[in-house]
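Have a look at this one before I ask anything.
When the chains are written out, they are named A, B, C and D in that same order, and each has its own residue count from 1.
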Amino acid sequence: MTDHSVQIKDLDLHFGAVKVLQNLNLDIHDGEFLVLLGSSGCGKSTLLNCIAGLLEPTDGQIFIKGQNVTWKEPSERGIGMVFQSYALYPQMTVEGNLSFGLKNARVPKDEIKRRVDRAAEILQIEPLLKRKPGALSGGQRQRVAIGRALVRDVDVFLFDEPLSNLDAKLRADLRVELKRLHHQLKNTMIYVTHDQVEAMTLANRIAIMKGGLIMQLDTPDVIYNRPVNKYVADFIGSPSMNFIEGTLERGTFRAGEFTMRMQGYDFAAGSAQDGPAIAGIRPEHIVTGELAANMPATMQVKAELVEPMGSDTLIWSRVNDEPFRIRMDGHLPVEEGEILNIGIDPARVSLFDTSTEERL
Amino acid sequence: MAIAESADTVAPERSAPQKRPLRLFRNLSSKIALIPMIATAVIVFMGGTIWTVVYSFTSSGLLPRLNWVGLDQYERLWGTTKWIISIQNLALYGICSLVLTLVIGFVLAAMLDRKIRFEDAFRTIFLYPFALSFIVTGLVWQWILNPDYGVQGVVRSLGWESFTFNPLNNPDIVMFGLLIAGLWQGTGLIMCIMLAGLRGIDDDIWKASRVDGIPVWKTYTRIIIPMMRPVFVTAIVLIASGIIKLYDLVVAQTSGGPGISSEVPAKYVMQSMFGGQNLGQGFAASTMMLLSVVIILVPWALLEFGGRKRG
Amino acid sequence: MADIGTLNTMKAAEDPVRGQLDGPRGARPKRNLSRRNIMLYGVLIVVAIYYLLPLYVMIVTSLKTMPEIRLGNVFSLPKDITFQPWVKAWAEACTGVNCDGLSRGFWNSVRILIPSVILSISIACVSGYALSKWKFKGSEVFFTLLLVGAFIPYQVMLYPVVIILRDVGTFLTDIWQGTCGFFTSAEGSCRGRVQLFGSLSGLVIVHSIFGMPILVLLFRNYFASIPEELFKAARVDGAGFWQILFRIMLPMSLPILVVAIILQVTGIWNDFLFGVVYTRAEQYPMTVQLNNIVNSVQGTKEYNVNMAATLLTGLVPLAIYFVSGKLFVRGIAAGAVKG
Amino acid sequence: MKLTTKLLAATAIVSATSAGAVDLEVMHWWTSGGEAAAVQEFATAVNENTEHNWIDGAIAGGGDVARPVMVSRIIGGDPPAAFQFNHGLQAQELIEAGLILDLTDVAEEQGWEDIVNPPSLLDACTYEGRVYCAPVNIHSWQWMWLSNAAFEEAGLEVPETWTEFVEDAPALREAGIVPLAMGGQAWQQNGSFGVMAVALAGLDNLLAVNRDKDASVVRGEAYGQVFQAYADAREMAEGLDVQDWNQATNAVITGEAAAQIMGDWAQGEFAVAGMTAGEDYSCLPGLGEIAILDTGGDAFYFPVTGDPEIEAAQKEMAALMLSPEVQVAFNSVKGSLPIRGDVDLTTVNDCTQKGLDLLANGDTMPSGNQLLSPDTTNQLNDLMTEFWNTPSMTAEDAQERYAQIIEQAS
């Protein structure tokens, strides 16, 4: 059981008639970086608060390090938490913020000093120790907030959208630092975000949540390449996946004039079943130019809008009157109005059942 | 977050004009709009104050007249037992009222903030006395504290014959009789202000302190209260301005009695001006009151509003 | 919530095979009568009784007859309920020669209240806005001066304000008489005097003056908390001082307006001193009559009439409190607490 | 400019004078039952006998509440047509400042000099030979009111003098009766002292102190006895917690207390309670020790308005207030004595008759208001109420501080 850092069993949380979390099970390994990803209202922060003990579940159990902590106070659970709004104590210095909890727990003075110094060193906030949060920048504040979790010397860190109040550049920087921190500390980290880039880059595993349920829990790679349903497929990836509605007949996907033999596609059920289906094609998996003709499935689309982004170019077109996005190499010139030949590898496509939206 | 931020906003800078317009006309609308306020501040409050101070050096009786008598009025003022007692009473009442109003107001607000049932009902109950005037407050508490019909009488009629609670007729504790009524009237507003302040505190702070394992009371005293500094400033301004003006309640409840044991400075002023028809004496007493206000208030105001830098 | 918690623990106990992971599940069991709750509600209820006691005393006393008041204690319920004190307080009690109770003062109070509240809040709102968003050199000094004014006992300012009103009135009369001849040809139409002292307009001005310190403080703090970006954006769009105020700031000010209205209605409605000093007998507000009823003594005080009169006078502000108590807290949260 | 002036005109009252009947706003602090009924007599007289209207500006709470309002109105240039003051030194400054209407021509026309009795009342209205106020009644302080029932209950005869009363006090205590009723207000305590001073130290000593401001008399033996007696009175009054004078009177009416030192206005309370002088209660003018009454009272002043029509109406009103019918009607209701020696009150009880006799004999003295400035009175009020309420304060302390205040007084 030592491999299990945080376990959640049959967790339910209702606010009156509203079911925020439903029969949720989650098993987080020791040292794992788990990201809870979802749009707002999906219950990801609620779940995190339940793990932290800030919210009481209606039913179910929570274990941390094999101990049932369902009824324990947050401070007794062996967790540290970082908040979106930093939640620093504004009237105390950085040092005060870091040490306040420890002083309360009657940790010996030299031990406090050791831990504060270590956290400050790790986070490179030593020069800031005597300042108050009001005099810090957003990034510095967030480091202090992380430091406050760090000094607690706990096994599990909880992050509640820690980077969303920062600007893009800083967010990228801190993201890397967080990853480095995880490598260095090797603690279990549970991280809530709505930003898929953060999720993809940081996570060992991602749990995609919707409506209080976990849609898919897997490594970023699997989530990206083999989304279990249309929601996950749509949610992950930028620009988002193209969906073409059609039918699957004897291993061939048809949508209007477009046909695609699902050669090499790894069906979830083992083999193909006929019926209406949706094909999900990632814009970056579409092959253009001369190589397109070599692909098993091809079609022609008209470039309606071209968005050059430097490294790559995004092309907007239409397939069956639905918007269709293609991402191609930035140095290939494309004119608006140009007809493009594109090729698709069925092995990299995701097929979903039209009615259940589950992966086929 | 807004709480931590300084309220100071830098005056909007015009993009450097080629020819700087005359200083007086910059922000002209603002200056025009502030004329009523400036007129009030300068003509009424400052002018009235200066007028009062000037006439405190005269022997004005029923009408203000410029018969200079130097510091005579002040000498007499400080030689008068009633004035000394008034100041002592105000100090006693002021300290008790300030501390108790803040403490009770905050504790009640904190209790209402603990996600309790019937919050609306409790809040309305605590706030309604503020809708009533001091005259009414004084009257009803005089009635309740009446030794024959009120609390003392009722307790005695229940069989506890020796029970004594007669603050309004006991010079030693009469100020506490006033305090009971004053707190009843004033704590509700302060509670509302505190409650509003508590509601303005980021939920994450509470969560952070729970994760840190800080006990609730310590979270209040060490984190929440320091964060509510602006709230306390507003509250203290309100309470203190009420304390200095304490008059109606005393008149309605005790008329300064028994004897002169519940006299207060504002009443001394009124009594001198209109009872004794000695405006000069009243103005001298007013001047002393104003002086103490200025001594306390100006350094604070400069710090609060004048200073550029604030954490 | 608590019930579910206990239910769940029972379920877990009944069904131990449910999972290998036993122990606490669901919400922590809470008893409604936990020690903490007993303390909390106990204190709240005791305090609520202290706050309600005077209201209770006022109501029961106002419904008792005088003999009963003399016999019983202030807390006992009335034996024979009588509404005579209310009738007397409203329509019959004598204040001097006039024996029509509080009713004559009620409408005077309304006439004083409405323009005073409107004017004082308008001035304070504009001033607070100018002080927070359009600062200029010295504006803070004036503001500090104004705040000192909040600490001056009204009584001290009685005579200075009388003199100011008199002189301003005379000054305006001079202007009026000096200039009106240019504009009107009608003979004798310029004889009138502008009279501020002893008139309703004078009283309205006085209420505005003395309400100003606290109100300006509230509005200033409130407007300061409105994001600077909004203001800047409007400036960039070419909006001026008044446009920003009316189009952007005012529509956002409902909470603080509620607070200002409540404070002013209470203050002005309960005012006695200004009402009696700065108006004439025909315009005396209700509080003057209340004072006359309460302070006029003959024989034993008519406590029941006093209490009825007190309650009647307090009805208007009380009604406003009961109706808008919730908005009040919200408004204070918006305005008073951000410095 | 036009717009602004129009606005100003719209917001402020622009008063234009109109001819004919005048509204006369009269400010006073007579609001309790009997007082208000008495004022009603004035109002009726004005409304019926003249074409003018009486606008009542009653402000309860006594002179301290009403006076700032009146003075403010005068300073502010919007004076009432008439206002009530105690005659004496209170209005002197207003007269000096030329704010009060000169009534000399009315006084001469009506022959006030001949009819006002005692003449000192008119003197109090006269400043530098001109008459400025219309005295309307006489009130005197020097009375003690006793409850016959209380003495009966204690098995005692109703005393005839203060000295006897003091001897009876222990017996009253034993019977569970508070010997002396005293309200909690300063003016009652100082007023009672004044009564005891003239009764126990004599008129000469009192005048030496109050009129000549001779502090050595205060420090003297005669006054020392008064302070001692007052300290005894303090003990006699223990056990009754009331504020207003009429609550104290009520204690005498109910027999809870045996006696009260209070001016003749207290008699109105006995009358309202349906008690008969001589049977249910007794009265001792001059505490039974000395046959003298002071002649305080109320007067009306008429501010200068600059409007001849109002002025004429004011003078009409002044004359009316002193007319015999109005005097009788007013004073019968108010319970005070008329200022005219030539009228008879309709009903006169024992006590009122005693008072009238004293007046007729000329056993009068000037009232405190006529001798002491309000400022000094105010200081003495404070001192005496402090003395009364501070059991630890000795008679000697009070005596010395009293002397100091008299020394300062001018």
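One rule holds in what follows: a residue touches a chain if its C-beta (ideal position, glycine included) is under 8 Å from a C-beta of that chain, and two chains touch if they have at least 3 such contacts.
Protein names from UniProt, one per chain: A = ABC transporter ATP-binding protein; B = Sugar ABC transporter permease; C = Carbohydrate ABC transporter permease.
Please read these numbers as outputs of a predicted model, since none were measured by experiment.
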| item | value |
| --- | --- |
| Least hop count linking chain B to chain C through chains in contact | 1 |
| From chain B, the most remote chain by mean C-alpha position | A |
| Leader among chain pairs (count of C-beta contacts) | B-C |
| Distance from the mean Cα position of chain D to that of chain C, given in whole angstrom | 39 |
| For chain A paired with chain D, centre-to-centre distance based on mean C-alpha positions, whole Å | 90 |
| Between chain C and chain A, distance of the C-alpha-averaged centres to the nearest whole Å | 52 |
| Distance from the mean Cα position of chain D to that of chain B, given in whole angstrom | 38 |
| Interface hub residues of chain D, defined as touching at least two other chains | 68, 75 |
| Interface hub residues of chain B, defined as touching at least two other chains | 3, 64, 229, 270, 273 |
| Sequence positions of chain C contacting 2 or more other chains | 159, 163, 291, 294 |
| Interchain contacts, given as pairs of chains that touch | A-B, A-C, B-C, B-D, C-D |
| Residues of chain A defined as touching chain C within the complex | 7, 9-10, 12, 56-61, 63, 68, 70-71 |
| Residues of chain A that touch chain B when the two form their complex | 49, 52-54, 73-76, 79-81, 83-92, 100-101, 104-105, 132-135, 148-149, 152, 160 |
| Contact footprint of chain B on chain C as seen in their complex | 40-41, 43-44, 47-48, 50-55, 57-58, 61, 69, 72-75, 123-124, 126-127, 129-136, 139-157, 159-161, 163-164, 208-209, 212-214, 216-217, 221, 224-225, 228, 231-232, 235, 240-242, 266, 270, 272, 287, 290-291, 294, 303, 306-307, 310, 313-314, 317-318, 320-322, 325-326, 328-330, 332-334, 336-339 |
| Contacting residues of chain B [partner chain C, same complex] | 2-3, 7-12, 26-27, 29-31, 33-34, 36-38, 40-49, 51-52, 64, 108, 111-112, 114, 116, 120, 122-137, 139-141, 143-144, 146, 149-150, 153-154, 157, 184, 188, 192-193, 195-197, 199-200, 228-231, 233-234, 237-238, 240-241, 244-245, 247-248, 266, 269-270, 273, 279, 282-283, 286, 289-290, 293-294, 297-298, 301-302, 304-306 |
| Residues on chain C engaged by chain D in the complex (per definition of touch) | 94-98, 158-159, 162-163, 165-166, 169-170, 172, 175-176, 179-180, 183, 191-202, 276-278, 280-282, 284, 288, 291-301 |
